[in-house]
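Next come two complexes, and both contain chain A; in the first it sits with chain B, in the second with chain C.
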Partner chain A sequence: MHILPLLVSLVGCAYEETALEHVDIAGTVKIPKEALNIEVIDNDDNVYVIEGDIRTLGPVYLGVFPGVQEGAYAYTSPETGPVLSATEDGDTYPYGGTTVGRMEFGCYEQLVCKMVTGRFTSFDDVLDFHANVLHEPILNQQGLPVGSAEEYRETCYDVNNYATDFEVDFIKEGRLDFKEDGDYLVADVEILHTYFKEGMSIWGWVDMPSRTFDFSTCDAGQGTPVNFYDQQYTRGANYSNLLNQPGKYIQGGDWVADEIPTIESADDKFEVVLGFKNE
Partner chain B sequence: MPRIFSYVLRLFLILLVLLPGSAIAAVTSGTLKGTVVDDADTEIPGVRVTIKSEALMGVRQQETDAEGRYFFAQLPPGEYVIIAEFPGFNTEKRTGVPVNIGRTTEINISMKATTGEATIESEVARPVIDTESGNVSTVLTKDFLERLPAGRSYQEVVQMAAGVTGGGNPNVAGSGSSENTYMLDGVNITDPVTGTFSLNFNFDAIEQLEILVAAYDPEYGINLGGGINIVTASGSNTLKVQTGLYMENGEWSPKLDSIFAADGLELVSTDFDSRFTLYSAGIVVSGPIIRDKAWFLASYENARSLIAFSGNPLPRDYEQHSVFTKVTVQPVSAHRFSLAIQSDPTTVDNIFQGSRFIEPEAQGRQAQGGWLGMLSWDWFISPEAFVETKATVQKSFIEVHQVPCSHDQDLGYNPCSPDEMDNTIDFFTPARFGQNNAYDSDNAYVFDIGDRWRAEVQTKFSLLQIEALGTHDFKTGVTADFTSTHRSVGFSGNLYFVDLNTQYYNPDTLKNYYWVELSGPHDYVMNAQTLGFFIQDVYKPVDNLTLRYGFRYDRQDFRNDLGDSILATGLFGPRFSANWDPWGKGKSKLTGSVGRFNDTSRLEVADYLNASGSGFGSKLFLGEYFGEFTNEANLDYSYSSPDNTNTVLPGLTAPRADMFTLGAEQEIIQDLAVKIYFNGKFTRNLYALDEVNGVWDETGYANIGFSNGEFEYLNRLRTPSIARRDYWWTEFRLEKVFSNRWQAQASYTYAISKGSVQESPSYFLSVAPQLQYATNAYLGTDIRHDITGAITWDVPDDPWTTQLALLIFAESGYPMDQYYDSAYGAGSIRKFTRGTYARTEGYWYLSSRVEQQIPVRKGKLSGVLQVNNFTNNRSGSGAGITADNRWVYGRQSPISVQLGAEYQL
Partner chain C sequence: MSSARLFLLALLAGCDRNASDILPDYKSDLPPVVNIGEMGVLTMGEFAELQAELSPWDWCEGATGGEIPGLEGEYPGGGPRRCIYGELGAPELGVNGGATFNFAGTGGEVCVIVDPEAVFWSASIAEIGRKDEWAYPDDTLDDGDIDMYGGLSSYYTGSPGIDLGDFIGFYTDSLGRTVEIDYSECKMDSGYISDVARGGRAAVESCTIDTTGREGVSFTVVLDTFSVPLNDGVLSFGAVVVNGPCENVPNGITECTLRGESQETGGGMITCSDRLEEAFCAENVQGFCCANPEMCNEVVPEGACEVEGQPFDRDVFCAENPTLCCENE
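Right, the complex of A and B next:
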């Protein structure tokens, strides 16, 4: 029976991949609260000033780049490879990256490219934001304002084949991405499976909404199709070269990294501050 | 004994050197043991114990040892008679003793002292608990199989077992349908390419069927899924004939099948033709060639079905011939040989049942089948020492191509042109294959012609009943197999069309089209060698405690189309089981087991790593709306090389599953046991792909960048830790062996699953590291509640016996899995939940069977009436979107009636 301890130890063995060229790095991203002060305009051209509402915060894109450069844009930007065409930016060739919040389909055509995950706590929260902050209530398939969270939920379950609220990624009660810390909004970030080079830089920006509450990093014509009753449209999707050619997507009002950490070791904890407002 | 060890060791070494290097073996026999005591419960040594059976050549005889014990191993499954004789005692005869595969039957005999000569005969109480086994398995005997109101195929009755869900390719204990191991008389018959079953088998030639959900004995080399172990009959000293004819029709049933409204779960009626007709006929002849020396069994079965799925205008036309012959020879009592040959040529027309928009001339035909030759040798060195050796060669093939043309238009198939001969296949006319449900789809089928080979040798040495602080049963064995596939794939005419609609699935919005020109048929060969080794001991320190432990090692080496080794993995699988009969009466068991199971994989995985990749270079052309095909491109849009861009991460481990079982069994009344099992299965490091060039958003749904600046699908085969599955399930079973004219088997399983199963490489996920689980699969086992049950009852009045049977399947729950697929457009990944559409609603399936025996002068004649799914309550599987935006589901099991006639001599 001496074989027993050996058997137990063998069962306990776990396999880890050792030949991966990737590393995981972790840190924080900080955005000044000032970024939450925006102006929106409704369909009747009424202008509303929104201050300090975290629900207006767009997706944050973070990339791991060989280095950064000055002068190409008003903000510090990643170094690029050769510029091959006068109308195209050079490519940054990112080693890796991630987002904090991401574009998600909000279950109604009206919300295509207007919904960011990690910003809302409930269906009611979404309804309230659009009705009382943006002054553009969410309309259902019949063109009527969505009357209740339950109606919203049922539509979501139907159109996305959801079975539980857990699958609804834009509702994260108690799991919002950012927390307030003094004058900043702060979020923990993990960048998984990035290539590692000593001295590589972490750079990024937050895509803030335009006055019509659109996000320049999202293409409403892309994404999977929706076939729902007599409606056909696409769900929207972010552009896939956001980190390769960020200059194409950074617009006025977006906040860009101005404190850019470099990574010498995979164990380094980084802090990147998106402290520059692009005008 | 040392001499035996030396001999066997040399035999193993020779095999190891000679063999190219599987790892699958199974148990095909049972064990009979017991203790003989007198009136005072004192063990009697020297009692002559003789066993007989129709399934056994000759008789086996031995004398009880000093503790009054007898022990017969390596017995063919069947019903046995035990005779115990000792001077001064009545002769005791026990009848109706069951021996089942992989089971130990314990029959204790009490002898009475007498001065005269008398034989006392009694039928034994059939054991319902095997107190020594740690395996979680179900054995279905021939008698029970024949009484079940289920389909006449082993694949259908497999679903009777607790822990099994899914269809013909079942999911066992949360595993994928490609993760099971199929065995015929102990040899591996799993399809070497897909990991699913490779042959269909004559139902009436099956003696017993064992479904292994968890096989903790290392001698079972099952993979991540379950084991389906078919053991055939061998014949007997009596000439026997069994023949039957069956017809089943489900076309008159209410057609509530096929369509779900897009906005809900409601079933609505359909005008689709739900063709559902099945026929089968079979005969099994067996008997002696030389009494107790040589037996034969010959079997033939023909099965045809015409079933239309999803409103397809033509039914799927399936016709199969199965032949199985077996000769068993035992020239002397120490050696038994058997030679078996099996073949199952099959044609399936109109295989493309996924869309009702496929025109008859665009339909596909699948020819499949193959042959199998098996040679086995059992060498009985002594009652406690024997060697089993089996050698197999199997060829299977699958040929998929267009339906050959026919001038007989009654068939409704592809019409021949006036100048074409019957059965011509047009590989040359440019094909049009409408995707996304486009209407223009003629002459477009992909041809895929493949041969698959498996050659396997296995040998196993058993040394039983060794006394050393208790008793030990040692077994060790080696299995080696070689698999190969030769495949030729192409597109008729090398062209297919893809419609470009401005609105998804809306053909009215056709604006343009593009076509892809491919580089032509792709032909290649690839192979794999696998070597498995195991050693195990069954240790009984005391009579009521059985400890089973050991390990197995399996190693596989896959070679690509260039013959280069591309994937080589190996894994130790230690296994341990403790089984305790607290009261030592054979009516209770507490069991606990733990073990590691590995995946010996399949050629389909390595196929992804062939040097030539898919083998097709492709050019993309843009054209105008395709009213008429002109073959004039106005733009050569892009070109992709046929070279493979997939790589493999070096040093991969084999996927594995660590499993535990805790169980309790109790015979609550005579012949009826309740069994409760709690199991956990943790499958890790499944094969998956990651796209090494992509940079992903926080959840892994969408690309936000590419390391080399372009979207290139640079995939790499990995076995990442996120490609995993956790599966917990609790089983309650009720088992009643046949007695008092009735038998029953029922189970309720509650399961929780999380993670993924591995499917064919086309479903492999481009794994984004942000995902908690790499979830990419059809997880049929994520059904929470699963009930299976069957009960049979013989209404007396011989010879006019009426057999009644009822069967139920019931499932409910909802899918937890999520499915990630490449999205249209920007190369993002979309999330898409899978599962039955009516996921919150369960279904049940009830069938009944009445068999009426009719007295005849000789033999047994009976008529059968079987009503399947008589509540008409089962939704089918298979989904697609119609042009009018409705989900279409094909009904697989409508209400149907089967009529049959059977005769046994």
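Right, the complex of A and C next:
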């Protein structure tokens, strides 16, 4: 008689995990190096042309969709469900998705929505980029240029309660997302736990910075609040419906997938090429 | 007795309760599912007229200026009814109750408002740091709640007046995967979290529905009975549709936007309930309840009428707030 509860509890072990409709898939994403040629403008309206600097590369958004369509935009875009509003696109109802590089708080208010992970190797690298490439040195709480990597590190540790560089997501020495491969930048990518249907498509885009080095996929009004002495602002965060309504966020200068693979098996390796520049 | 049998018996102890004690004993003769029919869309001017009315429930029985094909002559003046002050009975166990009404899209934004029963508040019971304003306890037995949904009538799954439905539909993508879609276009903003929210017990609910490009198209609003007052088994409410977004409603949408919705069984405002709403909006509930305990809770907890340790003086209060004392006309 005592064995009955044990037998009942063992019923849970009959679950077969292979019945899950979700899988992990892997592949690569390629972006033409030409995407790295951009123009920026500083606070004094000086225009600078930047060529081939991988640190300008914005976050890459990849989604898994039932299919793609032509004609809704200048670029190929995911198919959508019914349009429920006169002012908004229909929802794409994505199966899954991921990013290659993501928006991250750069420890100073000036860097809200201007920092992408997987692009910088060190604090010095970030300081150099802003001072010598964007010509907009990072300013500290007092409005003075951040003078050293040590000062930058100390502020990051203070504001975020960090104890080691390992916790600073936007500094990944030797672990940058993209590598150069001929005329392309190439990154390995995994899309975890995506719903699977034979024939599903992998589509995406890279959000390239505007002339003021802002990213349209980041909302400066969202994110965790910073209340640090006299500083009060939010850290910025991605919009939550980027893959559901990508057309709202893809702007001029962004590069969009034009070679869109379909997946027949979870073991298929995909290669997405973001080869179309949206003007 | 073996330990295994004892364990099984212990599990069964939870089955001796069916929660019927939290349902109203009193069953009114009022129907639990009601179809109100066609409702007009008031202009902001008409809405101001309604708010100034001493008998808003009578005013609602009139017709709006607009006419709807097939409904000519339905109400004096030819158009659909202006608004509704209605009542719902308690539904049977396991059945959704509520009311539905339709309105025609104006081609722009409209604001839908429903206000069930009078007001509810949580009593402040802290020994230290008590909020005197909310120290007097609400009578929780006279509160009810309605949740509002709305969208295109073509997506509505219910049978008006027979059973309540929803706006859930299904979309099948090109690979055959079916996705559930909520076609409801009445998204509530609670002020605390964005998008979908609910007003809570006896609280007013409102939402803006954008009918752009759908002028003349029929929309359905569902007033879903969430809870029925335990004291009489009748859930009374007021509802109205106003032309324009809800943020354009003067003074915002509060418990005082629609007044007098708390009604006696069979109709007629519960005497002085409009003054309770006025006191609630003026954040003078403690004074009102202490002056008119029959409107809040006959049993006055010790100290509930004290303000900063001083006893409550009804005469002084009524002299200072004549509209908040029930016997004053």
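The rule is simple: the second predicted complex is superposed on the first by the 259 of 279 C-alpha atoms of A that agree within 3 Å, B and C clash if a C-alpha of one lies under 4 Å from a C-alpha of the other, contacts with A are read in each partner's own complex, and residues count from 1 in each chain.
Quick note on the criterion: a residue touches a chain if its C-beta (ideal position, glycine included) is under 8 Å from a C-beta of that chain, and two chains touch if they have at least 3 such contacts.
No experiment lies behind these values; they were computed from the predicted model shown.
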Partner chain(s) touched by A:Y195 [first = chain B, second = chain C, both, neither]: both
Partner chain(s) touched by A:Y93 [first = chain B, second = chain C, both, neither]: both
Touching partner for A:E79 - first (chain B), second (chain C), both, neither: second
Chain C versus chain B, contacts on chain A by residue: B
Touched partner set for A:K269, first chain B, second chain C, both or neither: neither
Touched partner set for A:K179, first chain B, second chain C, both or neither: neither
Touching partner for A:G101 - first (chain B), second (chain C), both, neither: first
Touching partner for A:R211 - first (chain B), second (chain C), both, neither: neither
Which of chain B and chain C A:G67 touches, first, second, both or neither: second
On chain A, the residue positions that both chain B and chain C contact, one per complex: 1, 4, 81, 91, 93, 95, 195
In the complex, chain A residues that touch chain C: 1-2, 4-5, 66-67, 79, 81-82, 84-87, 91, 93, 95, 195, 197-200
Residue ranges of chain B in contact with chain A within the complex: 262-264, 503-506, 539, 547, 549, 551, 572, 574-576, 594-596, 649-651, 653, 656, 658, 684-685, 690, 695-699, 701-709, 711, 718-721, 769-770, 814-816, 818, 823-828, 830, 832-833, 839-840, 881, 885
Residue numbers on chain A that touch chain B, as the complex places them: 1, 3-4, 6-8, 10-11, 14-20, 22, 24, 59, 61, 63, 81, 91-103, 117, 158, 160-163, 167, 169, 192-193, 195, 219, 221-225, 227-229, 232, 234, 237-244
Interfacial residue positions of chain C with respect to chain A in the complex: 2, 4, 7, 171, 173-177, 179, 181, 183, 185, 210, 212-213
